[in-house]
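Reviewing the structure listed below.
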Amino acid sequence: MTTPQIDWFALSPILALLSSGSLALLGAVLVPAGWRRPFAFGVTGIGFATAFGFAAAVFRESEQAGGIVADAMRRDRWYALAAVIVCGAGFLATLVSWREPESEHVGEYYALLSVAAAGMVFLAGASNLMTIFLGLEWFSIALYILCAVGGAAAGLEAGLKYLIIGSFGSAILLFGSALVYGATGELQLEAIGATAAGDRLTVAGLALILVGLGFKASAAPFHMWTPDVYQGAPTPVTAFMSAATKTVALVLAYRVLVTAFPQEEGFWTATIAALAVASLAIGNLAALVQRDVKRLLAYSSVSHAGFMLIPLAAASPLGGRALLFYLIPYSAMSIGAFAVVAARERELGRPVDLDGLAGMGWERPFLGVALWVFMLGFAGLPLTGGFVGKLYAFSAAYDAGMLWLVIVGVVATAVSLYYYLGVVRALYMRVGPAGGSSPREPMVHAAVAGALAVTVGSFFGVQPLIELARDAAATLPF
Amino acid sequence: MDAGNILVWIVWFVAAFACLGSAIAVITFTNPFYSALSLIANLGSLAVLYLLLSAEFVAAAQVLVYAGAVVVMFLFVIAYLGGRADVPWAGGPTWQAVAAATASAALLLEIVVVIALKAGDRLSDPATVREGFGGPQQIGRLFLSDHLLAFEITSIVLLVAAVGGVILGAHSRERAD
Amino acid sequence: MLGPEIAWYLSVAAFLFGIGSLGVLVRRSPLIVLLSLEIMLNGANLALIGCSRLYGGGDGQIFALAVMAVAASEVVVGLGLIVAMARRGLALDVDRLTTLRG
Amino acid sequence: MITAAWIALAAPLAAAVAITLAGTSISRRGAGYLATGAVGASFVAAAVAFVAMWGRDAEERAVLSTGWTWLSAGDFSVGVTLLIDPLSAMEMLIVSGVGALIVGYSLGYMDGEREERRFFAYMALFVFSMLLLVMTGNFLLLLVGWGLVGLSSYLLIGFWHERPTAVAAAKKAFVMNAVGDATMALALFLLIWKTGTLDFGTAFARVDDLSPTVQTLIALGLLGGAVAKSAQLPLHTWLPDAMEGPTPVSALIHAATMVTAGVYLVVRAHAVFEAAPEVQALTAWLGAATLLLAGLVALVQTNVKRVIAYSTMSQIGYMFLAAGIGAYASSMFHLMTHAFFKALLFLAAGIVIHALAGEEDMRRMGGLRRLLPRTWWAFLIGALALSGLPPFAGFFSKDSILAATWASGGDGLALYAIALAGVFLTALYTFRMVFIVWGGEPSAFVREHVHVPGRDLVGISMAIAVGTLAVLAVVGGWVQWAILYTPVETWLHPVVEDLVRPTVAEDVITSVLASLLSLAGIWLAWAMYSAKRVRVPEAPALRSLLERKFWFDEAYDAVFYRPAAALARVWTRWVEEPLIGGSIAGVALGTRELGRGVAAAQTGFLRTYVLAIAAGAALLFLVYLAAR
Amino acid sequence: MTTALILLPLGGALLVWLLPWSRFWAGSVAVLVALVEVGLWVQVVLGFDLSDPGLQLEQRQEWFSDLGVSYHVGFYAWSLWLAGAAVVVMAAATAYAFWAGRERPRAYFGLMLFLTGAIVGVFVAQDLLVFYAFFEAMLIPLYVLVGVWGGAGRVGATLKFVIYTMAGSLLMLAAIVVFGLQQGTFDLVESGTSGSTWLFLGFLAAFAVKAPLFPLHGWLPDAYRESSPEVAAVLSGIVSKAAVFGLLRIAIAKFPEPASDLRVLVLALAAAGLVYGSLVAFRAPDLRGIVAYSSLAQMSLITIGLFSGTALGLDGAILLSVSHALVSTTLFLLAGGIERRADTGELALLGGMARGRPALATVLLTAGMVALAVPGSSAFAGEFLILAGVFDVGWWWSAIGAGAIVLAAMYVLRLISAVLHDAPGPRTNEAVLDLRPAELGILLPLLGLLVVLSFWPDAISGHSFAFELLQ
């Protein structure tokens, strides 16, 4: 029996997160009650920061891609960059979580946050159908609990819905994996790709795997859990989910499809394109009539899944680059927007609908401007990275000969403006409820500022970011 | 066809029908308690199928872990909440039930069709396996070498679930005060 | 190999999967929905083990074991949620979980 | 000489700008003096230039001076260019001279008006514009002057802006002139593309090489501008309405200078018209038709200014006729004498109106001869000059036009007949006016306003203007008597050569005929309106035709204004509001409804959500199976 | 220098937003920055070789290399004039806002300065993406400026405006992506020309909305009526000129064949817009309606010039653009002043204002005369060149244009008469004062520029070299 060589360095981001999670959990027991919150918060924050650093280091040191533990995981820049994004998102989400949850399970909350992020980071590197399934369940189960951790009815409802639908999705993914295993006898992605068994069993497995991945990325028509869960979950959790889940789901999807199913490229590119169109259509249309801001953002995230599926459908190095780039500002904007909602929620003491935003732009100038910028970023207007992201996504689609997808994307953007600007309208053009003094939210402000910096910075500093994305995308076998 | 083969076929038949029958029972009983019990039958018959497939360790684990632990937990919860009747097919619009049946049947049929189409091909050529295939030793070796990560992750997932169970269970007690 | 070919096992797996999904789709009690999910996972497990036998590798069995653990985890969390909801006096009927909608 | 020309051009503009900018820091009188002084200075400068030109050889009299490039693009370039030659010098003298007199007259006439400053600024602006029109050396700046005189005309007609009729008349004048501007602009475009330049000299030299169609079109476009500005058929209806302006305005703009700009244009661009003989003939016929029509309409007008306005149209008809047959010198000569006597008539009428507190209806006048004796003499001189009786100015200029018409051959005889008929009509309506206004006994209305008989010339400025013009209306025509000497023709010779040259016999016979007709007209007027020996014919149909001015206004209203207004209303009501404005709202609403539908599918039922996934999976599966 | 022209107002905007200025100082700083911007522009002109038709004062900095995108700015002679009009109009608008007083001054003036920077950016952009970025960045402050500080119907107006313009610009974005990838660079100087009709239409759509061209002007009446007067002035005066820049620099210069193939279509639309706008302006019941629709007509005329394909038409279009920017601003600010006094812009309720209000009358009259392109005015010079240019394409275009000038006379005179003349209207009372010195201080420089341009339109038309761009 040979104990496998373990590349601890490559796993360091995961280990850092697991450590911080364990510490937070221990803190829930060992640290005196008054100190639990700052302790857990601090430990988690440090954990994310450390993981972020490690991930960056892994990125730098991984010019040569390689496998970890019998190729259960890949150590490459694709993984590392996704890990960086997840850790960054997690760090911001931690900041937003300050004062959350209101129940006594503070340590557990932060521990779960860390552990969920660890699972996501792991999943970004997973390169084996088994580790993929496990990774998915790892962070999903953590998220199910996080949804319900506040104990509110909506949270419980969201948690249960998420659990049942998520398990159903996982089961489909699992069965698909079994079919692919049956067709090829392999679980490892590259090995599957190398087994030229482009037969019915393989495509059948691919179909089910696509459904599972589409579900995680909340692509229509597998998106229906998204609005309910995003709305019901505690806002910081929603923020984290919207950014990080989508990141890993898409990054993973790209890896799986490109690595394991190169022969079936015609199948999945067409499917992804169709999913993209459906997501764009349904997400944008449904968002038009939303009043609850979190729900509106949830539908917006569905439509953004559509936008990010466009480079996926391109199946090219440019597409990979486009996806990774898109994820950076998207994650920042998403967390930032939910952070602002969280701040408003705490100020008003109730869920925020559009009326709840009325006049906020004037009362809370910083948060108002920030939310404005995030909305513009979502809409893909210049001066935000959202614009460059869309540009790259469209470029990739055109490059892959899918001009029609560009047109669809453009039309969808036009529709989306209506509700993004609706938020801005609420912020600035309505008279709000008489605003009291804002609770001091330095952490949320810091998170928003960070998100803002990334959102705007990714517009001006495209070159360095796109180089990162290019190096990362170069590791996938296109 | 020798006698051993016929015996296996018979066992397979019994186990497979028990398995499907109990599965149908799970989803048709109005009382969750009976459903949970049916699940035990389902798991047991599955274990037999696993044995036929030379997966001894898995079969054992199935009976011990699943039937022994998971379903018991179910039963506790059901007992705790009281057995509320729940009629299948009830509630929701008719089209929903029709669509549900259609979708499930379609999925099922499609998979079966795929398998059937492949049946004469690759699926009819099982490998010859060594002695000890599916035994605890082989499983243990795989878990600690190639699938070390899977093993670790499984434990993490279980830990997370445990924490979750504690939080969700304990939480409401506090709320009740 | 004695007895039926692997395809037969896979067909049983498919039936289990289908029955499980039907259960999820038609039952309103979250408990039975969880049970149905277990059936779906078991179907997948059977397929995995069958394929494992087909290729003579242990990967499928390992996978199946991991799935069992995951299934157990899901059940733990699911039951936790159900208990918590019951204690909060929420209806144990997925059709009545519709405060989040639209 | 060229410096003097620039000064002549700049002085009135400077005055206009100064008055505008000074606002209330300049007194009303001051503004008047400033404007009069500036126009006077202009006249002096023009005279200096004239004298300087006189001293040169005939061939060296034309001088070009470009101030700066006004407009250029690609190879096309137009400068602010002055062309000072005998023709423009003559016009400069008329414009600035008559202008100075009338602006001076206004000092008295407009005294006490609240917005006197504005009036003088506009007047100065007008003189500048008119000078620009006649002095410039290219078509574009000519068009600029053309437009600016239109603008000044608009401003001055609508000077009493609280009178709706004045405002309406001003707008009408502007719009009709804009039509002329537009046709002229089109001719200019054609010139640009066919000759590459708008400079008079070069363009005229190149016109000969163009195809006949192009030549005709250019000439037609220019004629359109000329017709609009000079109130000839069919763009004549604005002029009578323009009488809503203060009387000095009518005198300066709508009698002496601006309205004759069309004649100037035809003479200036004679090369173009000569290249297009059909248009030339059309010019002549339009002139003839206008002179006849205006003469007829003038017979039934009751407003004293309108009678004079129609007579102006009619006289300009003579000028067009002359220009059309190629009697350019005669045309210009008549333009000059007409400026004198028509300005005189207006100013004299202005004194009457002033005396009667703004009343312009002839029917309420009468018997003013004794009350305003000096004005009476001035008016009478003007009337005689207008009727073309020797030795008054009109006799010399009009008779040479008539003779030239006879001599021109072709259609000439028909035109000649019309022109002669016009002479009769002129005398008739002029003296109808004379007898009604001045003859008979003063009406009660008159007596009420004019208390002290004989004190008619209230201000020295008005006296000077009327006096000078009265003298000019007599002696102005002596400058040339075609039978004996032709200095005007000689003077203009370097610029434009007459195409027709009547014989002495034709001249003499025409003079006799015309004088007799004129006398006949006067007699008939006396008989009908003073002695009442002859009944004014009833002929109600004819009368209403004339009173309605041949229904031109109504026709234009029905053909152009109403359809345009209706179209505007229809577009606003049925296109702009529902379609253009509403379409986006409709699209937005539709999209929203679609969104409502999509959101409604999100029922909150967990089983539906799962179903979506299951169904999606089944469908995808099926498609994959079918495709592989 | 070019970049400084962009950064100065943007920096000013940040300054106004971030420091706690009082109402007075926020406005003062903004006006000061706007004036310094004008000064900077003058400085640029002084350092500019006005006889050189090429790109000058170029600056280039790589932005992202894999798609060939760089921050590339520079001035052509003709774009220099457009930028000049922009900074002047923005200065006037800012000053007017300062005088009129606006709620939440720091936000307001910051946005105005931001807008200035974005507009200048549009006029100097030499890279498609830089252009697009500034083009859209312009929209952001406008959205708020109209939506927050506008009139009663502002929200609807804003929505219409944004949806229209964004729909157009997104089509343009698609076209940009395709064009840039086809060319391998997004640089406008480096890239070659394309023969694709579809791409051309994509660009055309964006600019046709922005200009606007018939029938894509649905946003115009509301936006012009509901925004505050200075914002309406900026919209019609300057923002529309971004379309001029785009049409010339991109649609025409980069797509010579489609532009000439579809010339008749564009000209027909523009001619329709010209007649349509003029006629509807003639029916409009209020001040701003007339100016708004006249803007539609004028922009149509400018488009005709741009698509005439002749030096006369193109240079004339630039001249008319500058002239229209100044006139339109003057008229909107005046309309704002009148509405402030009379509390309404309904023509039926106004009238007789000339009596006793000489400054108002003179300024309105002068601006109106330029607006109707009285011969000798800069607008006339521009229109003359445009129509002379398009005469080469077909005489009928010129004929329609000439006819529309007559209509222009009709609606402008209607405006002037309805405000100034006839008997005083119901809202013309003693409280309606003449223009204040501060207003004159804003309006007279604009009028002064117009007068100077009227005396010497060649300053622009002869030093634009718009046609040379297409060589």
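As written, the chain order gives the labels A, B, C, D and E, with residue 1 at the start of each chain.
The rule is simple: a residue touches a chain if its C-beta (ideal position, glycine included) is under 8 Å from a C-beta of that chain, and two chains touch if they have at least 3 such contacts.
Keep in mind the model is a prediction, meaning the values are calculated, not measured.
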Any chain that touches chain D and chain B: A, C
Which of A-B and C-D has more C-beta pairs touching across its chains: A-B
Geometric centre: closest chain by C-alpha means: E
Furthest chain, CA centroid comparison against chain D: B
Centre-to-centre distance between chain E and chain D (centres being mean Cα positions), rounded to whole Å: 36
Rounded Å distance between chain B and chain E, as computed from the means of their C-alpha atoms: 71
Whole-Å separation of chain centres (CA-atom averages), chain A against chain E: 43
Rounded Å distance between chain B and chain C, as computed from the means of their C-alpha atoms: 6
Residue list for chain A, restricted to those that touch at least two other chains: 130, 134, 137, 141, 144-145, 148, 151, 160-161, 164, 168, 175, 179, 182, 199-200, 204, 227-228, 289-290, 418
Residue numbers of chain B (touch at least two other chains): 92, 100, 103-104, 107, 110-111, 114-115, 118, 122-123, 146-147, 150, 153-154, 157, 160-161, 164, 167-168, 171-172, 175
In chain D, residues with contacts to at least two other chains: 588, 599, 602, 604-608, 610-611, 614-615, 617, 621, 625
Contact pairs between chains, per stated definition: A-B, A-C, A-D, A-E, B-C, B-D, C-D, D-E
Parts of chain B lying in touch with chain D, wherever the complex brings them together: 92, 96, 99-100, 102-104, 106-107, 110-111, 113-114
Chain D to chain C touching residues, read off their complex: 599-600, 602-607, 610-611, 614
Of chain C, residues touching chain B in the complex: 1-12, 14-23, 25-29, 31-32, 34-36, 38-39, 42, 45-46, 49-50, 52-56, 58-59, 61-66, 68-77, 79-84, 86-88, 92-93, 95
Of chain C, residues touching chain A in the complex: 10, 13, 17, 20-21, 24, 30, 33-34, 37, 40-41, 43-44, 47-48, 50-51, 54-55, 57, 59-60, 62-63, 66-67, 70, 73-74, 77-78, 80-82, 84-85, 88, 90, 94, 97, 99-102
Contact footprint of chain B on chain D as seen in their complex: 605, 607-608, 611, 614-615, 617-618, 621-622, 625
